[in-house]
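All chains are identified by letter, namely A, B, C and D, in their written order; residue positions are counted from 1 within each chain.
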Amino acid sequence: MTSDQPSLTPGRSIGARTWVVADGYIPPESTGPAPAMTSHDSVCLLNAGSADAMVRIVVYFTDREPAGPYVLRVPGQRAHHQRINDLQDPEPVPVGVDYSLVLTSSEPIVVQHTRLDSRQAANALMSTIAYSGS
Amino acid sequence: MTSDQPSLTPGRSIGARTWVVADGYIPPESTGPAPAMTSHDSVCLLNAGSADAMVRIVVYFTDREPAGPYVLRVPGQRAHHQRINDLQDPEPVPVGVDYSLVLTSSEPIVVQHTRLDSRQAANALMSTIAYSGS
Amino acid sequence: MTSDQPSLTPGRSIGARTWVVADGYIPPESTGPAPAMTSHDSVCLLNAGSADAMVRIVVYFTDREPAGPYVLRVPGQRAHHQRINDLQDPEPVPVGVDYSLVLTSSEPIVVQHTRLDSRQAANALMSTIAYSGS
Amino acid sequence: MTSDQPSLTPGRSIGARTWVVADGYIPPESTGPAPAMTSHDSVCLLNAGSADAMVRIVVYFTDREPAGPYVLRVPGQRAHHQRINDLQDPEPVPVGVDYSLVLTSSEPIVVQHTRLDSRQAANALMSTIAYSGS
């Protein structure tokens, strides 16, 4: 890493504090070597600002009360890609079950939702910038 | 589910009341075990608020009058993933036909559109947050 | 098609008049039966209003002047899914070449961009709501 | 390219000056002929205006300081599809590593993020319009 050019603008935050992923689902089977090709749902977070972001994730289901909050700390000027499969506290998110996510952050962040589905012989991918609330 | 932390903010609604999916299409063939790998188009809804949301879906076609409304009830603090394949009232949505969707909700919601296409030997996926109107 | 419920709100327009697709590309090979599995790039348009929409598409390239406009008419309350492969007037859009699209419409519409890539043995899909300009 | 119709509106800029891709990742293996089927992450840029756009890309990581800026020039009325794999100055972006991107442009542009993943026998695709900041 070199460059002292002003366009790096260290510490300039970008994004929003509330984000929603409506289509959450962890495919329950996988094909190929773990962990790279394990079927997963991910939220990818960028904290472009200088302060740490405390991010809370609440998981909503079809037929039960929400789970969470799951708490992540994303340092300033860092990316954090979080597999939903790996959330354990306060409880694992079940596989093969429909859910939605609301993320709230203490600092502006940007959230992108991505799924890798390797239930069949070649993996499928989908991705979208999440919905940013006010 | 534990936690009485304030970040769960029960009942705080997020989103918009009008949503559009422009690329609707149910692939007419499938490979793999039903129903998981059946080709489908889905709308995934989150109602993060506390009041029930009444959601009406109108389906637009290329060369005929719109169909609907299809009516869904999404309870407060619940996710609802709806396969378009499963809409039956007032009429099934035909497979292998281009369409678009307009969703209108009595409460703010968030809508994500996802397709699983298993016409060929390994499934393909695509997803996007839908367009939110005013 | 039944229903005289007011939620059909015939003629209520939704969307924007300027839309951008930045990642345009028609994969130059295909696997599987034509035309369903022919590799293609599509723009899917919804005109939810009551008046016809005249839509003009300009194609931008890396190293030549833009092509177009290509002109489409989308009747009120109709969907229109347009394969870029099928645009012929004023000139075909070349396959295997990077491009971007700007769509301008006389009426508010919603635009979603989708690619089916069947160069390899199982098709891949990608989709996103396009960028709506002012 | 023919047409002197006013809808080509040469030089009308569209978009925003700040864009974010949160889910950056270059899959480390590939199946199929290079370079078309080489696994890659791309940012696709449209500069619909008449002035050249100077675009700076900063890459954020999980556990190190950001890299960049990488500088691109996109002429007016031109598309530019940039594989992240091909960024070399000031340093290559490592494969198989999570990252996020911030793009800042001197002129309004539109940015779409696309990944082709050919680690398994048939390629997967994902795409989304990037997040546009203020």
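Convention: a residue touches a chain if its C-beta (ideal position, glycine included) is under 8 Å from a C-beta of that chain, and two chains touch if they have at least 3 such contacts.
Predicted model only: the values in this text are computed from it and were never measured.
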Cα superposition of subunit B on its sequence copy subunit C - rotation in ° rounded to nearest 5: 90
Same-site or different-site touching of subunit C by its copy subunit D, using the half cut: different
Gap in Å, rounded to a whole number, between the CA centres of subunit D and subunit C: 21
Whole-Å gap separating subunit B and subunit D, where each centre is the average of the chain's CA atoms: 30
Shared interface positions of subunit D, touching two or more other chains: 120-129
Residue ranges of subunit B in contact with subunit A within the complex: 1-3, 5, 7-9, 14-15, 31-32, 36-37, 42, 44-46, 48, 77-81, 110-112, 114, 116, 118, 121-129, 132
Subunit C - residues contacting subunit D, complex: 18, 20-25, 56, 58, 60-69, 90-91, 98-100, 102, 104, 113, 115, 117, 119-131, 133
Touching residues (chain side subunit C, partner subunit A) in the complex: 120-122, 124-126, 128
